[in-house]
Amino acid sequence: MIPLSTLPAWTAFAAALVPLLTAAGCALPLTRGSAVRLAPLAAVPALAAAVAVPDGSIAVPWLASGIEVGLDGTGRAFLSLVAVVWTAAGLYAAGSPIVDRARFFGLFSLAMAGNLALCCTTDPVGFYIFFAMMALSTYGLVVHGGGEAKRRAGRVYIAFVVAGEALLISGLFVIGAAALGVGADSILGPISTALLLVAFGIKMGTVGLHGWLPIAHPVAPTPASAVLSGVMLKAGTLGLIRFLPGGQAETIPFGTIVIAFGLASAFYGAAVGVFQTVPKTVLAYSSVSQLGLITVAIGTGLAVPDLWPAAVTAATVYAVHHGLAKAALFLGTDLAARSTRRTPVLVALSLPALALAGLPLASGAVAKIVLKEATGSAPGAWSAALEALLPIAAVGTTLLMARFLYLVAMGPKADRKSVPGPLAVGAVALLLIGVGATLWIWPAGEVRYAAEKSLQAKYLWAAFWPIGSGIAIASAVWAARATTSRFAGVIPSADVYAPVFAWAHGRLEERERRVATPLPTPATPILAPERPAAAEPAPSEPSLLARAGLLESALLNWPTAISALCVLAVLLLLLAA
Amino acid sequence: MTQADLYTVAGGVLFTIGLYGLITRPHLLYKVLALNVASGGVFMVFVGVARRVPGPAPDPLPHAMVLTGIVVTVSSTAYALALAKRIFTETGMATLDSADTMEGGEDAAE
Amino acid sequence: MPLSEWVGAQLPALVILVPLTAAPVAFLGVRLGRPVALVSALMSQPLAIALALEVAREGVLRYEIGGWGAPLGIDFVVDGLAATMILVTSVIGLLITVYASGYFTDQDRYRFFWPLWLFLWASLHALFLSGDAFNLYVCLELVSMSAVALVALTARREALVAAMRYMLAAILGSLFYLLGVALLYAAFGSLDMATLRGAIRPDVTGQAAFALMTVGLLLKTALFPLHFWLPPAHANAPSPVSAALSALVVKGSFYILIRLWIDVGSPSVAPGTAHLLGVLGSVAIVWGSIQALRQERLKMLVAYSTVAQIGYLFLLFPLVRAGGVAAADAWTGGVFHAVSHALAKSAMFLAAGTVLARLGHDRIEGVGGLSRRAPLTAMAFGLAGVTMMGLPPSGGFVAKWQMISASVLSGEWWWAVVIVAGGLLAAGYVFRVIGRFLGREEAGDREADTGRSPRTMEWTALALALGALVLGVAGQPLLDLIPIGAPALVAGIGVTP
Amino acid sequence: MSWHTLALLVAACTPFLTAVAVFLLGEHRGTLRTATGLAGAAATAAAAVACAGSALISAPGEYAEVGFGLLEIGFVLRSDPLGVVFAVVAGCLWLVTTVYATGYMSRSSDRARFFGFFSICVGSAIGLALSANLLTFFVFYETLTLATYPLVVHSGTPAALKGGRTYLNYALPAGAALAVGVIWLHMIAGPVEFVAGGSLPSSLVQTHAGSLTAIFALLMLGLGVKAALFPLHGWLPAAMVAPAPVSALLHAVAVVKAGVFGIARVVLEVYGPLGRDLGLIPLLAAVAAFTIIFGSVRALAQDDFKKRLAYSTVSQLSYIVLGVAIGGPLAAAAAIAHLAHHAAMKITMFFTAGAVAEEVKVYRISELDGLGRRMPLTMGAFSLAAIGIVGVPPIAGFATKWLLGMGSIEAGQAWVVAVLGLSSVLNAAYFFPIIGRAWFRGPKSEWASEHGTKRVEGDLRMVAPLVLTALVGLAMGVLAGAALSPASWAQMVAFLEFGG
């Protein structure tokens, strides 16, 4: 009998795990058809739970190594975002010509379950379980459809995932042990913090750790890219919020480093992104840039422990905003490419694009205000620096978005057969509504306050001028396109990682080729038909055993033997005397 | 040196001579005879030992043992000779170290 | 007197008399040998078991033949050691008899096997019971003569030459022993072991007597480098004979050696000799194993294995020197080794005999895949090999445990090194054969196989091997029996550092 | 006789009796032989579980015992909580493996010999699990050594014989070292029983420090070969010439775990705190840590399917050794739990290797492309087990890693966390490509052209066991915190060991 008080937590958790059913359904031949049809809607129960289930969590000691499930404010925000984006992506996928649908929706559901459930767990083990489930099943989504390019991208993706998981679990060990009351007060605490920052930094594409992002996004099927960029990256954010020892003095040394990395990501993403030639790659770099801003918020909270709650709110709000907008953009990319009439799509897409840059009335403006509130109290010179730099980042975002829309508009003509159906259009529409409305109906006080604030003239101007400048610069670049177009693509999509990846791919593929063409003496196939053994070379000189044999025949010789007997007799007589 | 000691020492010498013959003579007949010489030596030692008790009468026990020993030696000599003869008929030689004694095998009992 | 009581009182005589009576009867008719031997073998079992139980219950038994008593009469002394040896001889004897009844199908040709074998058996029992140095000589001669005759049984020339070699060596050994007996009598005026035990004192003649007797016995036990006669004799004899020779006959002379040195004399008064014997034993272990590794014939391999395994027995001498627990461990371990080796080695020779009977040869390279065609035989060989290697669960392991214990306790760890190395070398030659058994059949091997291996042959070998194995886990009763009436030196009295 | 001792007797004796019956039934009475084997395995598994029940309800010091005298020490079996873990694992997986082997060997020769020795191996493993003292343990340990040989060389090919020789070259000297160590220890300390928390009196440290150190080295040498500790691991890949059921149950579970189980017994229940006092444990931990990494790196280089698995086993076994050597209840619990966890996962993988070899004659990883579509259940089970070994939650391997990681912090040995992290990455590096090939590449090997890519699993007798063990591995992880799960049981044992 489950006590009534635990019901909410259970409900939320169970709702989050509903996609596991569709995943299983896709695996079993009998249920495959219906599971594929139901998979897009598998996140709906979770969304309902996010809306309806009250806060509260319970420990479940028997599950895995003992986990804790339930919802709190942050979890609820992330769960809502995740559920909406997955539903949109699912609907879009349902309306897209995807090959091998059973497998796609199976993996899709599995990743969805992981992503939803990690929002509903509040302890390290539970989070790690679902984090891994999400990240690993996504590999299948990235390489879905097969081919050399996808395999390479998948390889990069999985390498980063594995490294991240290893670092993450190492950091979580310390937290787990601390829960048991051991090891927390030592040097392990800061080490654990550092490990978590790096591990989640990989997931969030922080500059330097971002190598997989612009590789994996373009090759994945569009719905997968949408969830990848829209919500899976945010799992990193949620992880940071959950497991960093926020609000404690020990985090202060990390603060400035994190802020620095955040800012670097924000600018680097924009700077590299504008040189890209594939729309989805541009979006990937935009994600690097945008998540850099979230990182800045987290860093501020670390630097000023008192600001941690505010930083959490900022990160959460920004995550929701970016998640919706970026997912819309990804889906829109494909929608535009498949539409015979591209202009309406482009117009629709400029909403989330501009929202990212901070367009008033849209989610971006609200998010940026919350962010600014948090960073306004950053320590020392940081406050002023951020005040100056954040708008410039918005300029960068605008440029990126302009580049993106340009690439979408210039994309190859659509094929008539692949015209998107109502499901696909509806999915994008759902997200657009989200971009427009979510932050306005957000229940938390601060957000409502910021939303109203964004309508004040000061903030309107602050929101507008970077967008305006960005558009102006973009127009100038476009006008001078005879010159500037030469720069398109000068930075490879993997930027600084390009030579590393090329080398690693080369090594691995070379080895594969070597293995695939068996050498004259292949590894012994076990229990396979054997070849006749080579004749042993004749020994050139008598072996030790043969020498022993010669000696033995001397010993066996009668005179020798009896003489030995006599010697022995004399010896024994002497010893006796 | 008493008479008894003389017997004893002579017995030892005989034993050694027998031993020498056993080593140096390859022919089986010689070997068997050499062993007989050696056992004669041993018996002489026994005879000498019988004198160890004080008084005119020797200890009877070693004599009894010598008798037993002679019986044993006679029978074993007979047996050894029979065996040597058989070897001669089979191999045409009467030596031990014929080339193939270490090889070959027991024939399967049929 | 009720029969059972009479039998109980006459047990020591009966264990000798049964085979001794059966032997001439078996001699009488061609068809008589087998049934008489089987009856005698079966009758020996309850007697030997009863004797062992009696000793286990009552302690050392003395039996005066004809009621004369020492010094005039002849006494039998049955202590734990003697009872153990008789028990083992009886059990192995029975199984060899059963095996032989399947092996010797040509009744005429092998008609003398049965009486000779029964004589051998009777003399072995007599040897184990004798408490008198001269008596032992007589028994030793009886054993040797029957053994030589058995070796020559096939009348093939290799066998004849081997038998001759064996005979000359045996007679020479007996002469050395007899010479020693003479000097022993000269020194102490008695040949009764029990009397000697009290009379022994440092004396040049006495020491010389010991030395000469020892040389003779070493020759008969085939301790390296006096093993020259053993491999040809054991390998060329018919397999049941090989089994009896390797398992029992060499133990006879060894038995006298330990009686002489540990019961009557004491290795502690002649440390040099004790060490020399230990060293020769060690060399035997290594040398015998190495030779076994290079043999091409299965029976030669097994024979050389005997040369090696005999070496272990001689480690007893240095190890009991210190007295105390170490000596007690060494004593039980050494005897236990003799017992388990007897079981395992007879199993090996019998298994080899089956191979020979099936294939007509015993070349190791020709036995490929035999485990498929004669699984019981392969299994018997393998299980016996476990004891040879001294691995658990086997009697060999328990024995080695005791001996290594003794060497650790006495601080002379180098003997332990030898014991361990010997086990590994044994593994080398055992697995050489087992690998072949389990391996592929070479072309023609299957055709050469006559398939002739009666169940009596396969099962007896397996039973012996299993016996050696069972000793490894359930050997405690025997471990308790062996020390009964043990000499003071090895009775476990005294403190060991 | 109470049911406690009865269960103990049945668990230890049934495999040997089964072996005898199987040998006697011989090659030709196949059906009866199979039935006997299954019945024996089922009885053994049930009895092992009953032993576990017995251990659970008995107070420490009052566990069921049965035995007789031998060498003043005794040949004694006992169902204590640590022992029954291994006994249950070996017993239950034997039942599964018997089913699998019936399918795998259905066209093979010498089946009586195979199943007979197989039973002896399992009996030895269960026997040594339930041994109450070092002598009994050693007897079973060596029986296991010997009984494995005929299985390694089962096919009788020169390659198999060579593998068998390599196996012996390692195993026999190890046995000798172990023997000397055990005897020496008995000389110093008298009969050595296994007692939670260590049985050697602490006063021995003053009097026999040198000897105890040497003995420990000898024991580790002897046990380390089966545990495949570097540099004693070389036999394991060579022994992969054995048929798949042997590799699966013996070279992933019974034989190799006998080594690590022995190390656990010696470190936890013989030396106890003495090991730390003598400074022996850190060295063991270092060797284990190195082996973890070394095994993984070597696994990366293997293209032969079974050899890659073998090197993975080398690496994984040292998790157990490391857990024991870290010293601390959580780490020890991780070690004990991993006995079961690794068993379920690795046996699945070897089953897969065997099933794949039988079904499509594929022995190399580079030929596995696209096999997931051909044999989805088989490869699915494999994938589950593989990601479990890598340490991906919520499969069993993660439960081990979690306990081990926290245990190492608890014991103040946080460096182990780095080893775990690196090892996880390497594990992923050699297992993920297999999964990737099977599921995310198109078929290119010969089997595809010969048989097409139609979905055909192998013999049901092979598929069902491997799916079952994969699910067991999953369940062990998902329910790790539940009562009576291996991880919970292991924690109970560990707290007994450390007096928690």
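Order of writing sets the labels: A, B, C and D. Residues in every chain begin at 1.
The rule is simple: a contact is a pair of C-beta atoms (placed from the backbone, for glycine too) under 8 Å apart; a residue touches a chain by one contact, two chains touch by 3 or more.
Predicted model, so just to flag it, every value in this text is computed and none were measured.
*Asks:* For the chain pairs A-D and C-D, which is connected through the larger number of C-beta pairs in contact?
*Replies:* Between A-D and C-D, contacts are more numerous in A-D.
*Asks:* Take the average of all CA coordinates in chain C, do the same for chain D, and state the distance between these two points in whole angstrom.
*Replies:* From the centre of chain C to the centre of chain D is 42 Å.
*Asks:* For chain A versus chain D, what separation do you get between their C-alpha means, in angstrom?
*Replies:* Taking the mean C-alpha position of each chain, the two centres sit 36 Å apart.
*Asks:* Averaged over CA atoms, how far is the centre of chain A from the centre of chain B? Could you give it in whole Å?
*Replies:* Spacing between the chain centres: roughly 98 Å.
*Asks:* Which whole number of Å gives the spacing of the CA centres of chain A and chain C?
*Replies:* That pair's centroid distance is 77 Å.
*Asks:* For chain A, which residues are shared contacts with two or more other chains?
*Replies:* In chain A, residues 556-558, 562 touch at least two other chains, as defined above.
*Asks:* Out of chain B, which residues touch more than one other chain, so two or more?
*Replies:* 19, 22, 96, 102
*Asks:* When you check chain D against every other chain, which residues touch at least two of them?
*Replies:* In chain D, residues 157-158 touch at least two other chains, as defined above.
*Asks:* Chain pairs in touch?
*Replies:* Listed by label, chains in contact pair as A-B, A-C, A-D, B-C, C-D.
*Asks:* What residues of chain A sit close enough to touch chain C in their complex?
*Replies:* 545-546, 548-549, 552, 555-558, 560-562, 564-565, 568-569, 571-573, 575-577
*Asks:* Can you name the residues of chain C that touch chain A in the complex?
*Replies:* Against chain A, the touching part of chain C is residues 165, 172, 176, 204, 207-208, 210-212, 214-215, 218-219, 225-229, 231-232, 270, 272-273, 276, 287, 290-291, 293-294.
*Asks:* Please output the residues of chain C touching chain B within their complex, sorted ascending.
*Replies:* 103-106, 110, 134, 137-138, 141, 145, 148-149, 152, 154-165, 167-168, 171-172, 174-175, 178-179, 181-183, 185-186, 189, 231-232, 235-239, 297, 299-300, 356-357, 359-362
*Asks:* Under the touch definition given earlier, write down the residues of chain D that touch chain C in their complex.
*Replies:* It comes out as residues 23, 26, 68-71, 75, 109-110, 112-113, 138-143, 145-146, 149-150, 153-154, 156-158, 161, 164-165, 168, 172-173, 175-176, 179-180, 183-184, 186-187.
*Asks:* Report the residues of chain D in contact with chain A in the complex, numbered from low to high.
*Replies:* Residue list for chain D touching chain A: 155, 157-159, 240-241, 243, 302-307, 330, 357, 361, 363-366, 380, 387, 391-394, 398-399, 401-403, 405-406, 408-410, 412, 414, 417-418, 420-422, 424-425, 428-429, 432, 436, 439-442, 477-483, 487.
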